[in-house]
Structure formats: C-alpha cells, structure tokens
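Presented sequentially are two complexes of chain A, the first with chain B as partner and the second with chain C.
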Partner chain A sequence: MSKGVLIDLTKCVGCGGCTVACKLYNDNKWDEKTPTMGDKAKLTDKNWTVVHRKEVKNKEGQPVWRFVKEQCFHCKEPACASACFAKAFQKTKEGPVIYYPHLCVGCRYCMVACPFNIAKFQWDKAFPLVTKCTMCSNKVTKGEAPACVSVCPAGVFKYGDREELLKEAKSIIAKDSKYVKHIFGEEEVGGTEWIYISDIPFEQLGFKTNVTKRPLPSYTAAYMHATPYVGIAWGIVLTGLYHYTKRRNQISKENNKNIKA
Partner chain B sequence: MASHAEAQKWGFRITPIRVLLLLLSAVATAIIIYRLVTGLGTVTNLSDEWPWGLWIAFDVMCGVALAGGGYGTALIVHVLHRDYFLPIARSAMLTSLIGYLLVMAGLFLDIGQWFNFWRPFVSWGHSSVLFEVFWCVSCYTTVQILEFTEIATERVGTKFHNIAKAALPVLMIVGIIFPTLHQSSLGGLYLLMVDKLYPLWWSPIIFLFFLISSFFVGPAMICVETTLAGKAYDHWIPIPILRKLIRISGYAMIIYLILKIYDLMSRDVFGLMFNGTFEANMFLIEMVFGIIIPIFICFSGFSASRTGLFIFGLLVSSGVVLNRMNVVITGMIRSTGVSYVPSLGEFIVSAGLVAMGVLAYCFIVENFRILEHDDHRGHAA
Partner chain C sequence: MQNQVAKEKEKQITRRGFLKMMGGIGLTGITATIAGCSTDPAGGKGWMPQQYQVASSFPVQVKGRIPIDPTNPSITRDDRKCVLCGQCVEVCQRVQTVYGYYELPIKNDITCVNCGQCTLWCPTAAITERDDIDKVVRALEDKNMHVVVQTAPATRVALGEEFGMAPGTFVEGKQVAALKKLGFDAVLDTNFSADLTILEEATELIKRIKGEVNAPLPQFTSCAPGWVKFCEYFYPDLLPHLSSCKSPQQMLGAMIKTYYAREKDIKPEKIFSVSIMPCTGKKFEAQRPEMNSAGKLAGKPQLRDVDAVLTTRELARLLKSKGIDLNKLPDEKYDSLLGESTGAGLIFGATGGVMEAAIRSAYFLITKQEPPEALLNLTPIRGLKGCKEASFDIPGVGAVKVAVVHGLNNARPILEAVRKKEAPWHFIEFMCCPGGCIGGGGQPRTSLPPSDQVRQARINSIYNADAHIYAKRKSYENKEVLALYQKFLENPNSHLAHELLHTHYTDRSKQLTVKKDA
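This part shows the complex of A and B:
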C-alpha cells in the first residue's frame, strides 16, 4: 500500500516550519525573490513547498485567515511520469513520484502536463533541471515521514497508508460539521497520495477543483497502445497500394500502346 | 546559375536579399551559441508558467506541419504513382527535408540538457506521446536524408546512385509511416492537457486534427513555394497540376471541417466560439480564413489563376500556423493566468532558422536537379 499524507487545513497556524524543514532536508537555497510564506508565496525551483495565506470568509461570513500548504500531490497515476519520454519521473510503489536528473532532457513536457503546475525549472542555470517535491522519498522508504510532516508543531499532518488516511478523513468530516464534504485528492485526477480536508470550500483557497477525475495517463494510454499496430497496418496498406498502382499504371500504358498500334 | 550540362561547378548567387538572410542567420547563430552556453533564462521569456513558448509553437509545431508537404507528396507520387504530380515531387520533398532539419535544430535549442538529447533512445519512456514524436521525427529525418541521396548522388558520389535508387521505394513507404504517426502525435501530446487547453482546441481526437491539417497544408505550401520559386527561377509548374493538387487539400479540409463541427457539438462546446472572448475570436479567424474561405477558393474558378493558387496557399499555411500557435499559446493563456510575449532573442532565432532554411533551399536548387527533372519520370517507381 502506498503512503500518503492527510492535511487538515483547519489546524494550520501558518508558521512555515515545514517550508524551512523542506529546504534543510533537500538542501535547497533560500529564494531571494520568492517567499515560501504569505500572500506572495510561490513554488519555484528552490521552493518545493510553500504555505499560502488566504483571506476568506467563514460560514458565518466573518473574514478569517487560512493557510494552505502546497507541494506535489503525488498523484496515484502521475501525468508527469507518463509524459516523460526518458523516464526521468517515476512513480514508486511507496507513493512518492521521484526524479532522476541524469535521465532528464529538459524538454518540460512534464511541466505542461502537470494538472497542478507543480514541477518547476531552473531557468537561471546554464544546464537547468526540473525540480519538485519528492515526498522525501529516502525517508519514506525507511518508513519515516517526510521532513515537512515531521516538524509540524500544530498537528496539521497525518502520515501513513493512504487508504487508511482516506478512511480517517472521511470519518473526521462526517463527525464534525465544520468541514466541507469534500476530500481534495480523493478523486481528483484519479486520486493523489496527499489529501486535504478543510472548513472553507477548496476553490476559495486556490485549489484547482475543476480537474478531471480520470487519471490523466489514461488519456494517452489507448493512443500509445494503438500506435505500433496502426504503424504496421499502415505500412502494409502502403506497400499494397504501391504495387497495385504501379501495376495498374503499367497495364494502362501497355493498353495505350496497343490502341495506338 | 550554371547549367547542369556543364561540368561540376558549384554556384551560389549573392543577391541583396540573400545578404540580409545571411546576416540574420549569423545573428541567430550567435544568439543560439549564447543560449546553449548560458541557459534558457538569459535568452527567452519562458517561465514556470510558460514552459513552452515560441520555439515549440513555431519552430517545432509549425515547422513539422508545414514540412508535411513531403510525406503527402511521397504518398501521392511515389506510392499511389500519380505521375502527373511528379514535377512538384522533388521540391516538395526538399522543403520537407530542410523543414525537419530546422525542427531538429529548434528542438535541440529548446531542451535544457541539450547534451542529453539522446537519452530517450536508451531510456524508453514509452508511455509518453513525446517518445513517439521523438523516435518518429529522428527516424523520418534520417529517412529523408537517405531519400535525398538519390538526388545528391546524381552529382556527388555518383557510383552510389543506383543503390540509392533501388532503396527508394522502401524509404518512401517508411517515410510515410513515420510522419503519419508523429504528425498526429504532436497533437496527441495535448491529450494530457485536458484541464489546461481551451476546449475549442482540446479534443479527444486532437491527433486527428493535427494529422489531417498536416496533410492538407502540404499542397498549400507547395503553392506558396512554387510561386516563390517560379518568380526566382522562372520555372512555373503548370496551373492544372497545382489545381488538381489543391483539390486533394480541399477534400481533406472539408473532412476536417465536418469532423471539427462534430467534435465541438459532441462535447457541447460549439457555442464557445461565438462568445466574443479572445479564444473564440482567434478560433473563428483560424477556421474562417484558414479553412472555410480556402475551401471556396479551391472549388471556385479563382483557383485557376496563379494569384488564386498563391492566396489559397498563403491562407491555408497561415491557418495551420495560427492553429498550432493557438494550441501552444492562445489556448493555454486562460489556465495559465499569466501572459507570455516571446523575447527578441526568441524571435530572432526563429526568423534566423527560417532564413537558414531559405538559403539552404536556394543553394540546393541551384546545384542539384530539383526543379527540372522531367526526364526523371518513372525512375523512382
């Protein structure tokens, strides 16, 4: 069973400890231009996870703040991995979607394909690579929680088997009426390992809620399976046509000669 | 221009326009080298929001489509043996070869780890549509170079001419399979962008639209090219040949139009094109000027004139260019939320690549038998 993380957005106080832990564990430099916290927080090649501050209205219409952690969702069937023509992105059985830099060509199809625009490029480097959260896959393989998860002082995260977490999330939102009846990541793009629950509707928090529920790789799978057969069949048809039309032209030429003679 | 009867004399006329093209190529080459050494951020306006820009849209997507004249012609002339169209075969296939070499150059420039470009040959990401594009484009470019050896060996390495000629039928057939596959695959790339690409362009059969348009743009490009080459070299392809050729385009465009309408209706997004948004207007321009008006020109008396043929060619080619631009850029603006204007460097490199292509075409036409080869009838058969 794959590992996942359940994020309870009602608990986040916006301290940003998770974004620091991420930088420390993954040895990512501080991004001078883009913060990892607040209104201008943005994922970049150096910021693999950020915490957005959102000013929204709660059910009573009171203005409230919510903090939304963003990182790779680690799709169950990732578009980036299926889009990569060199297998630089791969889905592990433990859950994380990981990156092999030596295989990467730098074509950025993964970035265009990602439904959540997570992967980022090292635009200022001479030989840039694609970067994104790897769910600290080395830690996950050892049975440890990702760095960001392990440092949270507010108990926002639960790390464990994804299916167990989903059950837990369902029971939490069923018991407590403050939660919206939606688990983000349960069905989006076929399901993600990281799932969210919240008391504010997800679209107001900047989540992309209008995504398909079908796993994205399934959109191209049939096409790719059919390709070799189409290629072979087309080759046979062309060869047939080649000989047929050649012979037809010959016969018509001979006939013409006969008529003239 | 030295006549071909004369002994081996290589020639290249220098005209003011060519000097300009050479300059443009030189500047572009300088920018290309600078980009390869310093990375993409220094030269392009690409960003995390716009990972793909002008180079992918124009140099690659449009380049491959416009070079589609090569495989279409190979199909009509060399596989279906419609010898009637033989006079246009060599120049169409030459344009295609040059087009593909430029596409390869464009792709090479656009990838971050350019020294790693060969990786997908060994690390097979076979679930990726790009994997198919990569293999097919590489193989097809090789096939086209081999096809060209039949022409080249008329002058250089003449002792290999017979081998090249004998290999031609196989090359032709392989050289049709690959482009059929990757022309559609370039559209297939966008199957994954179901939530990103505007619904007027995204379609579960976008690959069919790419394939059909790459087929019908072939004769259109031939019209443009023969008009330009006609002026430059005073070599005019008879109007009836071109007219018959664009009829083939015309029928393909009718199929395209019907399929497009059916596709939009079946997904319930037909109305989107009339809602006055930027996307809607771009889509209407693309369809009206690139498809509907050309269909009328094609089946009316206007196409019996050189002007008519040229306008047909220009409209259809621009329509396909606009379509590819719309898919890569216009259709992605809404989901991206940020605008993208290519940098001067991106424009100059794109223009420079085209300039190099034009110069290469001129050089080859002036030194090999491309335009006049009536005595060649049936050789390839």
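This part shows the complex of A and C:
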C-alpha cells in the first residue's frame, strides 16, 4: 500500500514551520522575491512547498483566515511521469513521485502535463533542471514522515497508508458537521496520495476543483501504446519508398544514357 | 628496454586518436556536470534537527514554532534563521499560556499578546522586535521636529548589559547622556508618569473601595500591554476590574503633546514623541486606535500620543551604529517639566513595584499621614515568586488585601478565582513578563533562555536605587507631578485627567475561540 498524507486545513495556525522544514531538509535556498508564506506565497524551483493565506467567509458568514499548504499532490497515476520519455519522473511503490536529475533532458513536458502546475524550472541556471516536492522519498522509504509533516505543532497532518487515511478522513467528515463533504484528492485525477479536508469549500481556497476524475495518462495510454508499432511500420513504409524511388531513378538514368548514346 | 616500449606506445597515439580522446573526456565531463555526477533522485540534500528524524508524524519532543502575523507591530521572524527548535512554542504555551489556549480552526486573527518573550527564548535570534530605528533616525534628522524621548524604569538597569556591563548595572545617567548625544531635544522620564499613574490609580482604588464609583473589586493594574491584551482575549468578562488608567508610557505621551507643548510653546504636531521601553508590547500599545487623546483634544485625531517605540535592544543598536560607547559617557540629568521621578516610579520596573508604589501613596491619600517604614519595604510582594500576597491595615479603611502576579501562567488561577467570586483581594498587580518589566521582551538577551539570576540582579538594582540613590520614595512628593496637577489637570481623576490619562478596553473574545479545558 502506498503512503499518503491527510491534511486537515481547519487545524492550520499558519506558522509556516513546514516550509522551513522543507528548505532545511532539501537544502533549498531562500528566495528573497517570492515568500513561502502568506498572501504572496508562490511555488518556485526553490519553494517546493508554500502556505497561502486565504481570507474567506465561514458558514456563519463571518470573515475568517484559512491557511492552505501547497505542494506536489503525488498523483496515483502521475501525468508528469507518463509525459516524460526519459523516465526522469517516476512513481515509486511507496507513493512519492520522484525526479532523477541525471535522466532529465530538460524538455519540460512534465510541466505542461501537470494538472496542478506544480513542477518548476530552474530558469536562472546555466544547466537548469525541473524541481518539485519529492515527498522526502528517502525519509518515506525509511518509514519516516516527510520533513514538513514531522514539524507541525498544530497537528494538521496525518501520515500513513493512504487507504487508511482515506477511511479516517471519511469518518472525520461524517462525524463533524463543520467539514464540507468532500475529500480533495480522493478522486481528483484518479486520486492523489496527499488528501485534504476542510470546513471551507475547496474552490474558495484556491484548489483546482474542475479537474477530471479520470487519471490523466489514461486519456493517451491507448494510442500512445501503439507508438512503437507505428514507428516500426512507418520505418518499413519509408524504407520501401526509398528503395522504390532509388530503383526508379536508376532506371530513368539508364534510360537517359541510352537516349544520348 | 622498458623505456623503448613506452616510447613505441607513445608513438602509436595518432593525432586523430588524441583528438577523439580529448573530445570523449570533454563530453563525459559536460555530461557529469549536468547530471551532477549522481544518479540519486532529487531532494534530501540538507539536514533536519535531530528531533524530527523519527518515524512518527508528531513525536512528543517535536515543537515546531508559533505563528506570527506578518503585520504584527511588535515582533517579526526571519525564516532563514529559524531551526524549528520549538523554544518559542515552549515559552508562548507554558510561560505565557497563549499558544494552545484557543480552539482551532482560528478566526481572522493570529492570537498574540505582543509580550515578545519569544524574542528572548529564540536561540538563533530569528524572532526579534520589529525594528523602528529608521523611523526615529528620520525624525532626529528632521530640523522642523521637536523630538522628545522618554525612558522606562527598567531600561536603566539593563541597557549596560549590551555594552559589556554586569547584569543590573545602574546606567540611568549614562543613558540620558547617550540620548542627548543622539540629538534628542528633550530627555524625559517615564518614572515621572509612573508617579502620575500612581496618583490616578490609587485615587481610583480608593473610590472603588469606598464605593464612590460603580466598578468592581478587586481592581487590576493596567500598565502591562501584554497583560491587558491577554485579559481582552481570554477574560473579557473581567475587563471592568481593570483600572481605567493608561500605562505610564501613554500618560506621558499624552502629557508631552498637551501640557509640555503648551508650556514650551510648541505645536503638538511639531513634536515627535519616542519612548525607550523594555517591552515589545509597547509598540502595539502605542498603535492602539484610542491612544490619540492629545490629538483629539487639539482637534487633530490623526496625531499619535507616542510616535515610535524602541526597545532597549534597539536603543543599544542605534547607539552602537552611531559609535556611542555607553561606558565612556558621563552621568547626565533628565530634562525638567516631565523629568522628575521618585523611587516609587522607578520600582514600576520590577514585579510587585506598582503595588508597593500604590500602597505608599494610597496610605497617604487616605490618612494624610506619611506611611510607616514597613510599607516602604514591602518584602512579601518583592522577589520572583510567581504569586505573592500581602495584607496591611490602613486607618479608616481597615485591612487591605493585595496580590501580585507576574508571567501570564500565574495570572490564570487568580483570574479564575476572581471569576468564581472567590478572590479576597482589593487590588491585584498583573505583569505580563516573568520578573516584571525588567524581564520584558525588549530587554537585552543576556542569558538565553532568560534566567532568574539576571532577573534578580536587575530587580536588586532597582530596589537599591529606590532605597539609596533616589532622594524621594513616594509619588505624592514629586514636585513636577504636583505642578502638573496645579497648572493643568487640577486633581487626580478630574474630567481632563479622565480624557487624557484614562482609557477603555476592547473585548477581543470574538477574535478567537477560547479553549474551555485549558
């Protein structure tokens, strides 16, 4: 079973400790221009996770603040991995979608493929790579929680088997009426390892809710599977054409010679 | 023989072969550079504090950190220095009982009483006071502004520590000299308005005890902005107990832009009022919307009573940036009009001090007689014990019972008792920070986390000055305060005094959901 994280947005106090943990563990530099916290927070090649502050209204119509942590959702069937022909993005059996820099050719198909616009490019480097949250895969394989998860003082996160977490999330939102009856990531793009519950509708918190429930790779899998056959067949056709035209030219040359003579 | 073989081999390398080899090396090099010579997946190249390297998602030793609103007027945090050690959570939750004492989800506010104790506990100085030095420097450079400064009682026993002196070194005169050197047009003493506070607050207390005003007993002190905000958040039902007196900082602020401005013939809008405080909460207090009484009186409500607040640490930084060494300065005296002080005003800086000062004056105000020697050395309410009590007889009133608490964790049980109407006291002094203002969130980080040795050294210094250095020890002996009443305010709790020296409080309970079983 794959590992996942359940995020309870009602518990976040907005300390941003998770963004600091991410920087510490992954040795990502601080970006002076783009903060990891607050109203101007933005994912970049250095910011693998950020916490947005959202001013919304609760069910009683009172203005409230909610903090929304953003990072890679780690799709069960990741479009970035299926778009990558170099296998630089790979889905591991533990859950994380990881990135191998030595395999990357820099085409950025992954960035186009990602439904949540997570992967970022190192625009300011001479030999740029693509970056994104790796769910601290080397901690996860050791049975440890990702860095961000392990530092939360408010108990926002639960780390564990994704299917167990899903059951728990369902029982939480069934018992407590303050939650909206929706688990973000349960079905979105075929399901993600990171799932969210909230007391404010997800679209008001900046979540992309109009995504398909079908895994994105399934849209292309059927005909992309034919690629090798089409490639070989096309090769055969072209080879045939080559030989045909070559022979035709030869014959016409010989004919011309005969005429001159 | 061997040489010959080697030479033959060398000859075998042709020009084409050599170029191929070099090209190959180059290509491998470039590939290796791009790939970083590694076939590992990305991430995990940094470090994590040891306590987070564990399997569970939230082990007991993991503390994380407290939330800080980016618009917080008192404190700020540099994320680049944070190591997630959790010391801020430790002090906010266990010493000040703020973090963790409200239910989640939060409402539209990050609960903070602005006490700044976290700035004293943070081992990397990631959390610091919000720096207002630039504001003050700009005002000092402005030739059209009359820049006045006031210094709190507790800064004079701590500022020296920033310049290598022993904890508690008394640097009152040197501090005045340093401020004059910085170019302030007048250096005034918050001790003066502490004396003023005492006359107002003792008068209010007497009125409450005699039943002349419709306000409940016990009366709570209202000098500590952190404590006031704490009460507004967690005990809004007890706000009527709070003395309506402003804190000494705000009283002096209001006096500077009214009485001082009139006497010196300066327009209030041409005065820039700075205060040097041991406290980060004072930055918040000065920004409270209602702290503009001098402006309101002059018909210019946008004027603030206090324009900028610097902590002791900021003053030290400012002095160092101007190359002023406190050690080398002579002692100088405060400027007159709002500069005289008594020992009663000075001891405001230590836990128990406000109470002791109030008792000295209340005794005189009720009996019209000098208080006995025992009331000048009220040892039961001195020192670092969390909650202290005393009882004494005032002829004509009977036994007066008082309590003194410092550190907000010590305040909770007292407040619960008051809530249950089980409180036997008439007057309770609350100070937000452990040790009182001498241990305030803006004081030098002499020991880290703050220690009782340093707190005690500063307290000793304050009581020593009260007993041996200051000529007067009772607020009602302050000639300049008496002159202020004669020329301007008429008498304590007069209508004008209420307008300028008293305030009201805000129920903040709607900004959070108070935890019931905390």
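In this text, the second predicted complex is superposed on the first by the 226 of 261 C-alpha atoms of A that agree within 3 Å, B and C clash if a C-alpha of one lies under 4 Å from a C-alpha of the other, contacts with A are read in each partner's own complex, and residues count from 1 in each chain.
Quick note on the criterion: a residue touches a chain if its C-beta (ideal position, glycine included) is under 8 Å from a C-beta of that chain, and two chains touch if they have at least 3 such contacts.
Given the structure is predicted, the values throughout are model-derived calculations rather than measurements.
When the two structures are aligned on the shared chain, A:Asn117 is found in touch with chain B, with no touch to chain C. Legend: residue contacts after superposition of the two complexes on their common chain; A:Tyr242 is shown touching chain B, with no touch to chain C. By the touch criterion defined above, A:Gly17 lies against chain C but remains apart from chain B after alignment on the C-alpha atoms of chain A.
When the two complexes are overlaid on their common chain A, residue A:Cys107 makes contact with chain B while staying clear of chain C. Of the two partner chains, chain C is the only one that A:Ala145 touches; chain B does not reach it.
In the superposed pair of complexes, A:Ile251 makes contact with neither chain B nor chain C.
In the superposed model, A:Leu129 lies in contact with both chain B and chain C.
Judged by the document's definition of touching, chain A residues 102, 127, 129 lie at the interface with chain B and also at the interface with chain C. Chain C meets chain A in the complex at residues 33-36, 38-49, 52-59, 62-68, 70, 79-80, 82-84, 86, 89, 104-110. The residues of chain A lying in touch with chain C in their complex are 9-17, 19-21, 23-28, 30, 36-38, 48, 55, 62-66, 90, 98-102, 127, 129, 131, 133-134, 136-139, 142-145, 147, 149-155, 157-160, 199. For chain A in complex with chain B, the touching residues are 43-44, 79, 81-88, 102-109, 111-113, 115, 117, 120-130, 208, 210-212, 216-217, 219-221, 223-224, 227, 230-231, 234-235, 238-239, 241-242, 245-246, 248-249.
Here chain B touches chain A in the complex through residues 37-41, 46-49, 51-52, 75, 78-83, 110-117, 119-120, 123-134, 169, 172-174, 176-177, 180-181, 185, 188-189, 191-196, 204, 207, 381, going by the rule given at the top.
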